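Next, two complexes with subunit A in common: one pairs it with subunit B, the other with subunit C.
Right, the complex of A and B next:
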């Protein structure tokens, strides 16, 4: 572990020397998950893999698929909002860019899921970066309102797009072509495909949060003028995080498109966007599993509570108010602080016993 | 040209409703430091209350006043129970107001239904001036808006309450030391903005049918108006409302009508990027984060 930076003799090299072996270059600076984090991750993944084997029925399994592709898009929003501190209520619009890219490619050029996947993610990233440009000039609530406007503009454009975008009725796409004989028209297989994408999303989010890049974003969130003063190109990194966030949204969007097999503009309007913002606030933007928890709550609550759509929307609204007033870190943030308090009490108890 | 003039006068009455909601937002956002996304829903609730009362046989103008008071009460409740606790974190207040708007919209759908509501115009006369037909109800709407704008403008710029209010925006601590009850002013502005939304709703249902989803459409226009003009700037809200009205009239006449909504959004995005403080300048919003 040689340190090429000659100008920093005070660099604490001991921490690096203690590493067991040299890590590949791209892994450098990324914190290894702790044992607790590994355990929690494996536990959650095992639970999600086991879910279809409990015979949940078609309804619950399709809800689970929606939960997962929404969660994938939410991981993008969690990087943008939780790490860089820039909220957006136009995230469903970016999902729509991904979804419509795939659907238009399928209808105009006959491209399938696997060919259009990288293009959808790329275009979503690009769209998110463009929507992110105004954030360099206007901040806070002004920017949130701009994202809302972009989302409304996209819906108007899609509705007036004629046969190219299918106007108000939308577009149809075929099933995902099978790989190694796995047919994705079967809901179980679709679930596992989405789950694989979710696992990758969570891993990438973890890597970004714990990388030097994540710390850069953190510094922008906490004190942007200071970050700029120490030489961080804050504008570049903000656009960068928008693009990453957009790529996640694009992945979620294309999965949604191929799951529903039909998309229309109202899927990406203002209200779906507001619900994404609601989920991220409910679940918590910073804890690693916050977006997943938010998506699970919002997707499963109406079914489990036996609520009709109107009542469940009222319930979301009330839930949002309660979370903001009582648990500003979201449900997962609340659970985390409860867990920390629990372990702290245990440590204190053990220490107390040791002294007595 | 006459058709254009006709369009202009018609859009002036639409602009009035937009100005009323935009003024409410500009005051609440710019002076009280609260971003109230539920303002559009307040307007919709005001319209629905007016509709219910008029259907029950109450005179329109009485119903209008009741709607204003009821929405003002709604605003007072919301401020006291919700927004009071997020004054130091405006972003949380904003997200909370989104939740509130979802609740209000669905409570209205639950108690009434999704079908659009309309009343027969309380005044049905039509005046012809120089070849242009002026519907009397629209003229009344414009006149009421003009009076409210004038009262608000002079109230904020001339009266001692307005001066105290602006002082507490400029420097909360100093204003408090001078004996200004800052929190009470925040409540007052919020309630006043809500009353304006109630009035806007009552006037709107006198012109067009409204649905429970009207609020989420009008709120964007309200934000557009207040941000175009400059936050906390009553004159700015009027200018913003007139610009949007003009854009709409031109779009309806010469552009592609199905893109009408897009023009106002584009105008707003462009202005926010070029002049984040708005055309006429205002406070930069709640502690300009």
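Right, the complex of A and C next:
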């Protein structure tokens, strides 16, 4: 006789069991965004759209552009790390694949931004999938070391690539060709182009996280052997998420290339990759706005506060320790839980007042 | 009541006069930007630009400013720290060009950021003076043409084949009499980054042109433990080891080389005699150093000593590349002269033409500064040798640049 059979007949079983059937099948187990989260999203987007109209000056507008294309690449890393649980410190290298694809296509074949965009994203996705292959055999810190080596190798290859890669000096590209009379050499327009790409990235991330595919990734992150046991082809899905992550990095990379209009291997070394990993950990990999917040913290705040790079690095180190110890979901996760706790307390107080 | 009205009236008149005075002063202000690495990994080079710019601007302003047409302009400097970060460099350039509206920018020295920066200064017709060698690789007849993207950019350090030629010649001229046998085998040790690749490609050709058999050894830019590389170099039995190009890396590598006696002679690029002396560096063999245009810490010369007294007196740090500050100091006066000759401040094309025509006798440089048609400067190099087992016993020579690139060097 099992414990289940020993339950008192007076206690209805349904009272202790949740009802997943209430949700569509693809949404089961994954929390839907609340009304507050929707409002937050709209507020953030409105703030980002309004930013240039507050006359921030070219300095901060320029930094905002850098912050946004970095955030786009981070959304890829957030899927890979936040959803599938696979950290990489080679993400800047994948950005480099996108950037260099665009620059080489421009220099060798005369292709512009719009023609290069899909190819850069595709090649970055392929490169990320190839770099992801060792993750099928090794995991954790061992895989992180492999991604670190990928970055170092990429820089060596680009530095010694002769005129094809522009060697250590790098390659130049022209401005983004205008569309409907909009000139992207103008900083405001470049900002809005990057913002549009960011909005699409956030929307795609949201869609993936809330799709059956996102749920599959989630299961791989939580318990890969179990996921495999229930018939999920974890290898295929892991390579798939690397490719998607790579496409995001490629988009960030091509935007960076056409923003700077000059790229060199140093932009894609191990150190910039470590910074990307730092951003995702500080901002939070799972909350939807974590990558954006991480990028703002590292790209924007030191300039705003006039912090010396050495002081900044010390602050990042201390910040990372605090985040790991106190805010496992990153700053955005911490802010979100703080908000939820505040809302819950408010509701409780209101309820108490209503009862009295 | 009447008195009160009168008071208010007088106060208003005073305010109006003050406002007018301020407007007049603003009209006669020449805005110049400086983008330099005052923090981050390239700080040694960045500090020299900012410090020299402050010194030159103060001197020009103290002497009454720049007379352009019927107006006199005082320089107002806008110094921005690029933190050795390309995104911050671009943001600083955007601010200086579009928010502040500077007429010219000094810098950046850092890596190839200067090329990315030129994409902002060029369309805005803002003059850019950058010493970075990567910029030199992009300056050519097409890019500096009036409709070219580098028309307003000037490379403030000489073409590399010129500097490499005069440096190699000076090093060999000073070391040969001090060595037991004539040096024939050189090893060039260089940081493997954009600047390192560019510089070493010319220097190797210059040494080969002077009859040396040369081996090129590259090290990753962030190397701190040079002993494995140096041990390999020792096995090559070189006559001279040439440390290129980053002064900070050279200062790390050189004591390690001396510790294991890698070669019977050395050349240290990017290290001034002044810093060698200050750090009490010594070697059992002769060590050469080179500087453009004049060495800080070399043999006493009144005008150079006077400059460095003012330079360090202004609070500038005694870094490994302090001598480079002389150049930026001179370029300020050169630009001021070009501006005065143009007769107006809002005609950058006239200023560019004047700079190209000008042979400017610098405040401290004994050789006049000139820009060639590709906007690259030409001047001599001073090379010094320090006597073995001393830190301050220098003998120096000034080497003029060669007339043509050596065989196999395409120039640039």
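Note that in this section the second predicted complex is superposed on the first by the 314 of 356 C-alpha atoms of A that agree within 3 Å, B and C clash if a C-alpha of one lies under 4 Å from a C-alpha of the other, contacts with A are read in each partner's own complex, and residues count from 1 in each chain.
In this section, contacts are C-beta pairs under 8 Å (C-beta built on N, C-alpha and C of every residue); 3 or more make two chains touch, one makes a residue touch a chain.
Owing to the predicted nature of the structure, the values given are computational and were not obtained by experimental measurement.
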Subunit C versus subunit B on the shared subunit A, clash or fit after superposition: clash
First, second, both or neither for A:310, with subunit B first and subunit C second: both
First (subunit B), second (subunit C), both or neither touched by A:148: first
First, second, both or neither for A:266, with subunit B first and subunit C second: second
Partner chain in contact with A:274 - subunit B first, subunit C second, else both or neither: first
Contacts of A:301 with subunit B and subunit C, given as first, second, both or neither: neither
Which partner, subunit B or subunit C, touches more subunit A residues: B
First (subunit B), second (subunit C), both or neither touched by A:187: second
Which of subunit B and subunit C A:139 touches, first, second, both or neither: first
Partner chain in contact with A:59 - subunit B first, subunit C second, else both or neither: second
Subunit C-contacting residues of subunit A that also contact subunit B: 159, 310
Parts of subunit A lying in touch with subunit C, wherever the complex brings them together: 57-63, 66, 159, 167-170, 172, 185, 187, 259-262, 264, 266-267, 299, 302-303, 308-310
Subunit C residues touching subunit A - in the complex, by the definition given at the top: 39-40, 83-88, 90-92, 94-95, 97-99, 111-112, 115-116, 119, 123, 134, 137-138, 192-198
Residue ranges of subunit B touching subunit A (in the complex, touch as defined): 29, 35, 82, 85-86, 89-92, 94-96, 98-103, 105-107, 109-110, 216, 220, 223-224, 227, 256, 258-259, 261-262, 265-266, 268-269, 272-273, 276, 285-286, 288-289
Subunit B-touching residues of subunit A, taken from the complex the two chains share: 87, 89, 134, 137-142, 144-146, 148-150, 152-153, 156-157, 159-160, 270-271, 274, 277-278, 281, 310-311, 313-314, 316-321, 324-325, 328
